[in-house]
Amino acid sequence: MAFLVLPLAGLLIRAPWSTLPQRLAEPQVIEALRLSLVTASVATVVCLVLGVPLAWLLARTDFPGRRLLRALVTVPLVLPPVVGGVALLLVFGRRGLVGQWLESAFGFSLPFTTAGVVVAEAFVAMPFLVIAVEGALRAADPRYEEAAATLGASRFTVFRRVTLPLVAPGVLAGAVLCWARALGEFGATITFAGNFPGRTQTMPLAVYLALETEPEAAIVLSLVLLAVSVVILAGLRDRWVGAAA
Amino acid sequence: MTLRARIVVRRPAFRLDLDLTVGRGEVVTLLGPNGAGKTTALRALAGLIPLTEGSIELDGVRIEREPAERRPVGVVFQDYLLFPHLSALDNVAFGPRCQGRSKAEARARARELLDRMGLAEFSSVRPRRLSGGQAQRVALARALAVEPRLLLLDEPLAALDAHTRLEIRSELRRRLTAFDGATVLVTHDPLDAMVLADRLVVVEDGAVVQEGAPGEIARRPRTDYVARLVGLNLFRGEGDGDRVTVGGLAFAAEERVSGPAFVAFPPRAVALYRTRPDGSPRNLWEGRIDGVERHGDHIRVHVDGPVPVAADVTPAAVAELDLTPGRRIWVSVKAAETHAYPA
Amino acid sequence: GSSPADSGAARASAAPATSASAPAESELTVFAAASLTGTFTELGKQFEAAHPGSKVTFNFGSSATLAQQITQGAPADVFAAASPATMKTVADAGLAGAQTVFVRNKLEIAVPPDNPGKVENLKDLTDPKVKVALCAEQVPCGAAAIKALDAAGLKVTPVTLEQDVKATLTKVQLGEVDAALVYQTDVIASAGKVTGIPFPEADRAINDYPIAPLAKAPSPALAQQFVELVLSQQGRDVLTKAGFEAP
Amino acid sequence: MAFLVLPLAGLLIRAPWSTLPQRLAEPQVIEALRLSLVTASVATVVCLVLGVPLAWLLARTDFPGRRLLRALVTVPLVLPPVVGGVALLLVFGRRGLVGQWLESAFGFSLPFTTAGVVVAEAFVAMPFLVIAVEGALRAADPRYEEAAATLGASRFTVFRRVTLPLVAPGVLAGAVLCWARALGEFGATITFAGNFPGRTQTMPLAVYLALETEPEAAIVLSLVLLAVSVVILAGLRDRWVGAAA
Amino acid sequence: MTLRARIVVRRPAFRLDLDLTVGRGEVVTLLGPNGAGKTTALRALAGLIPLTEGSIELDGVRIEREPAERRPVGVVFQDYLLFPHLSALDNVAFGPRCQGRSKAEARARARELLDRMGLAEFSSVRPRRLSGGQAQRVALARALAVEPRLLLLDEPLAALDAHTRLEIRSELRRRLTAFDGATVLVTHDPLDAMVLADRLVVVEDGAVVQEGAPGEIARRPRTDYVARLVGLNLFRGEGDGDRVTVGGLAFAAEERVSGPAFVAFPPRAVALYRTRPDGSPRNLWEGRIDGVERHGDHIRVHVDGPVPVAADVTPAAVAELDLTPGRRIWVSVKAAETHAYPA
């Protein structure tokens, strides 16, 4: 516990509090913060939409190659984010496998766009959601699902109205992990989506660049990011936990 | 004929093989000792476990390959399995919702059912806050809400108190006679079985050992388990007209039988004496008291001997005869209450 | 798993103790900018050959990170930075010895080998149809790019401001952008994966690499000798072969 | 699913397979791989030891400040890893709050040592474990714990013999996340522990340096890291899931 | 005196307030309708929920502040709560292990208990593979394994089949008499309650409504619930020597009472007639048939009227008298089977 809190204390002590208000007023900071929150949230939604069914597949069905798939899910976790970004470029870049086709068909290109940031964040954060939700699904009692089936619920209805609510704490934990990871994402984002203020420059990118010239400014920016996320998470939890009880 | 099924389920250390036929509006009760396979049979009917072999035909349609959600079946589970995240009302409304009814309709129907179960005031309560019996009644309401053509109940009344049980039992009977479907019910309680069932199917170790109307089975049990269940002493012997010989003893009975035969008599038909009684020597032997047990307002005495029997006597008799375990005692059985029938 | 950790700790903390008591220095720790990875590794081998019994350990990373580590008390002997600003952080903390600029690096326009944007000179970068990547102004190559563009009186709207020159180069290599301003050394290191186009204004935006032995160096003598090697002709040869320019 | 697998395919297609055997033979690569596996595993153990009790505190007890603590747990998740490294330096560095005292009392200093790598990885990976385990604990039925208490089990015994086994899938999921995150850790490690071959240079750091000189080598190294982790994870899962069934 | 407790637990919509005293080796059964608070009382005794007020004294020591794990208490839960990750054997060995016994000792003890419960072959099976009754028996063995001084059982026999129930019931009695401790048991089954309990405590809506020896309670119920439980018709009226007046009817009874009094009689003591019978007019009135229900081998008829009563008649009588709901019918009650006692 101290292990987690002490470094934070270190940051708080060294932070140049006097310049904080002035720095917060900078439009670039506000812009980066807004972008970070928006992209992380959208990425979390993307992960939920894609990841929860995937977790269900892994936990509740048995098909050849399931074990391999499960191992593959952890790939973005282990891949250094910069390499992840390169991998995304190889696929969705202008000359990438899919990107080429996207560009010629729709004249649409992901890199250097806000959508690109979402893709990079979702790619990196997805495993957190999938693994957390799969764990929760495995720990849940499958007999409730049987009961729902006997009441005429289709597989999808069972999933939506019984399984999901039962594993809600697990999904919540996974979404929190996912959101936080997306919020802190740096390497894949800058590699895949680049760094342009107001379009793809999220807070971590701003922090990194600030670190190059003014380490103390970087600390302040990090603390702002932290404070915002802690407030949002604490607020969310209360709402959700309250609703579940 | 509504349900016609042959259910074969193989398990590592167990094999279930049942033929089951249930007519329109008929209630068949599966009765059997723990581990006999009753729950397994219900789960197979509901589509929750696949058949190893056999078939299930409901109203002339083969359904054994249908998934659980497409079978027109309602199930009350042994441990309720109410959805913990839904209120009692929404638990009951779940089925109608899945059948495509509007939310308002489904809830109205659920409210009506809960009302009838005497649970109106618990509509908005989560299952965890319900007492055992309340939860069981909600489960019952939930299964009835889908208007199933086959209703499966695994010990539906086990957690109900005597008063509620009476009411729910009547309610259940009313519903069962109101619709065309078949009902298969599992219970351990011989009283419930006798009262609710049109027909009993006794299952032991995965197979049917006896089948018939409750009264018939109560009067003529064919296995030890059934005999104990209905509170009779049961022995298998050889009949030669007006007596049946069991373990060296000759039992006089009301009926005449020849060849392999059962004799059965209730514990209250057994009399105990400290010394050899005078009178007719029929159905008389000496044994040793094995155990003494209170049983309602009388005492049940287990006596070992050529055949082991249970006798019911009054507390006064226990004191008078000094019926303590280990004591030797004379046993006689009234011929008028002894039944014999072919094995 | 305590044994590797313990030995590492022992080595790190034992270093100053040995230097204080015994003059026999054997370990040299060099903190160097990541862009020097290739050249300094080579120089390290040469140094070890010239000083039998010595061992050179490198810590490559972003100059800013390295400066941060040094000011937080990292046991380093030599710091070779990719920008005077980062060296200044260390010097301001009173930790740097005599600093010398040992190489400079010049910008070039990098384009993919097929040059899809048909870029030939700096002015072509202002064409809105040409996607350009620049370094962020906070990092040396970005600062240099701004200086060069200012000198040419041009205004370029890049699609991205990359966090370092390698990232910028990657974008060109993968064809994500049509052109970028990167260092000459990077073009050479890319071994034909990008084409470099020199431009005259580059001379007005040269980036200096300073090197200095550190004030609290555990092995001050070796540190001095290593700085000398870098500044010698032998060192210069290795560096210029990689595309660096002599100061 | 394709979203996760495609980028990997991109990497596989572009990888310079011909140089792979030669690169694998390099002692530095082997060394970095070994170091990565060892430190990630030790960091996971550290996280388990510190994080599981913390998760239990968060899920099963109620004390003032619990909500704040829970929000603080997510801090390292949101903090850009490089800033996390700076924070660690501020605390455990030779001039840091705790580091100063460590150095004078034991002559022991964490930064730039293998132990430092473990600390950096554990710091970054801890939230994954805590959040996953807390989610699992919340989803578990507390009545089993009550049953154990009536059998005379102390709180600790209940935890060890009932709670933990019941939430084993969740803990496993958390540990996998934690291990994978530690394995891929880059920013905090390079900042706090430096980049010394054989001592603190883990695979992601080696990948970073390779990117400086030979980008294709970087891809190969990443794939090696990936392959090893996928094999280990697939292996582990089978063992553990097998044991649980 | 072993257990002496006053248990007060306040819930949002419910308040439990019980005085409970259980002597050495005594078995007290809490009997009550669903939601009466029986489980709540057991949980409070076990230390799983705190008392709002009151105290719990075991062998002279106040334990209401001890945590659950320090109370010398064994609990069998209503839904077993066997640890799903441990084999049956290890579930039973869990308690002894927690008491500091060696693994070998604990297992030996567990094996012995499982043996006695007829579960030897299921030692290594996980709870999920056990049938309902098997699981219940393992739970019982687990609670007994800690040699508690206070044993709490929440419907311990509910899931057992009649045969096993008899055996486990005897086993339970033997164990209970073998040790000095107190036992508090919750059951819905009046038979179990009567057989197992030395004393019954009837709880309704959080409070004790009647308490006493089973026979006494069976003979003289004081609330509707108890009366239905033991199958009696019960009314409260005003006694004036040899009769008790209830709702305008005068009941003749065996006993003489004056002042507020109960009258009770079994359904079999009620006779039904299509026309007003001749003879003594005592205990005779006209009513309307409310419902007809099969009940074992006889039929139970509910009759509405000045007082609502249940009558047991033979199937033959039903056919003969045309006992269909809605019909008007004459009711008489035999005075010889009617008991009256002060209210």
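Couple of notes before you dig in:
Each chain gets a letter, A, B, C, D and E, in the order it is written, and its residues are counted from 1.
The rule we apply is simple: a residue touches a chain if its C-beta (ideal position, glycine included) is under 8 Å from a C-beta of that chain, and two chains touch if they have at least 3 such contacts.
Being a predicted model, the structure only gives us computed values, none of them experimental.
Taking the definition of touch as given, a chain qualifies here only if it contacts chain C and chain D alike; those chains are A.
Common neighbours of chain B and chain C under the contact rule above are A. When C-beta pairs in contact are tallied for every pair of chains, the largest tally goes to A-D. The centroid of the Cα atoms in chain D and the matching centroid in chain E are 56 Å apart. With centres taken as mean Cα positions, chain E sits 20 Å from chain B. Of all residues in chain D, those that touch two or more other chains are 82, 86, 90, 96, 166, 208, 211, 215. Within chain C, residues 65, 68, 170 each touch two or more of the remaining chains. Looking at chain B, one finds that none of its residues touch two or more other chains.
You'll find the chains touch as A-B, A-C, A-D, B-E, C-D, D-E.
Contact residues on chain A toward chain D in their complex (touch as defined above): 1, 3-11, 13-14, 50, 54, 67-84, 86-88, 90-91, 96-98, 122-123, 126-128, 131-132, 134-136, 138-140, 166-167, 169-170, 172-174, 176-177, 180-181, 183-184, 186-187, 203-204, 207-208, 211, 215, 218-219, 222, 225-226, 229-231, 233-234, 237-238. Within the complex formed with chain E, the residues of chain D that make contact are 143-144, 146-155, 157-158, 161-162, 165-166, 168, 244.
Partner chain C is touched in their complex by these residues of chain A: 82, 86, 89-90, 93-95, 111-112, 190-191, 193-197, 200-201, 205, 208-213, 215.
Against chain D, in their complex, chain E makes its touches with residues 46-48, 67-71, 73-75, 77, 81, 83-86, 94-95, 98-99, 142-143, 145-146. Taken in their complex, chain C has these residues touching chain D: 1-2, 4-9, 11-13, 34-35, 37-38, 57-61, 65, 68-69, 72-75, 166, 170, 173, 189, 193.
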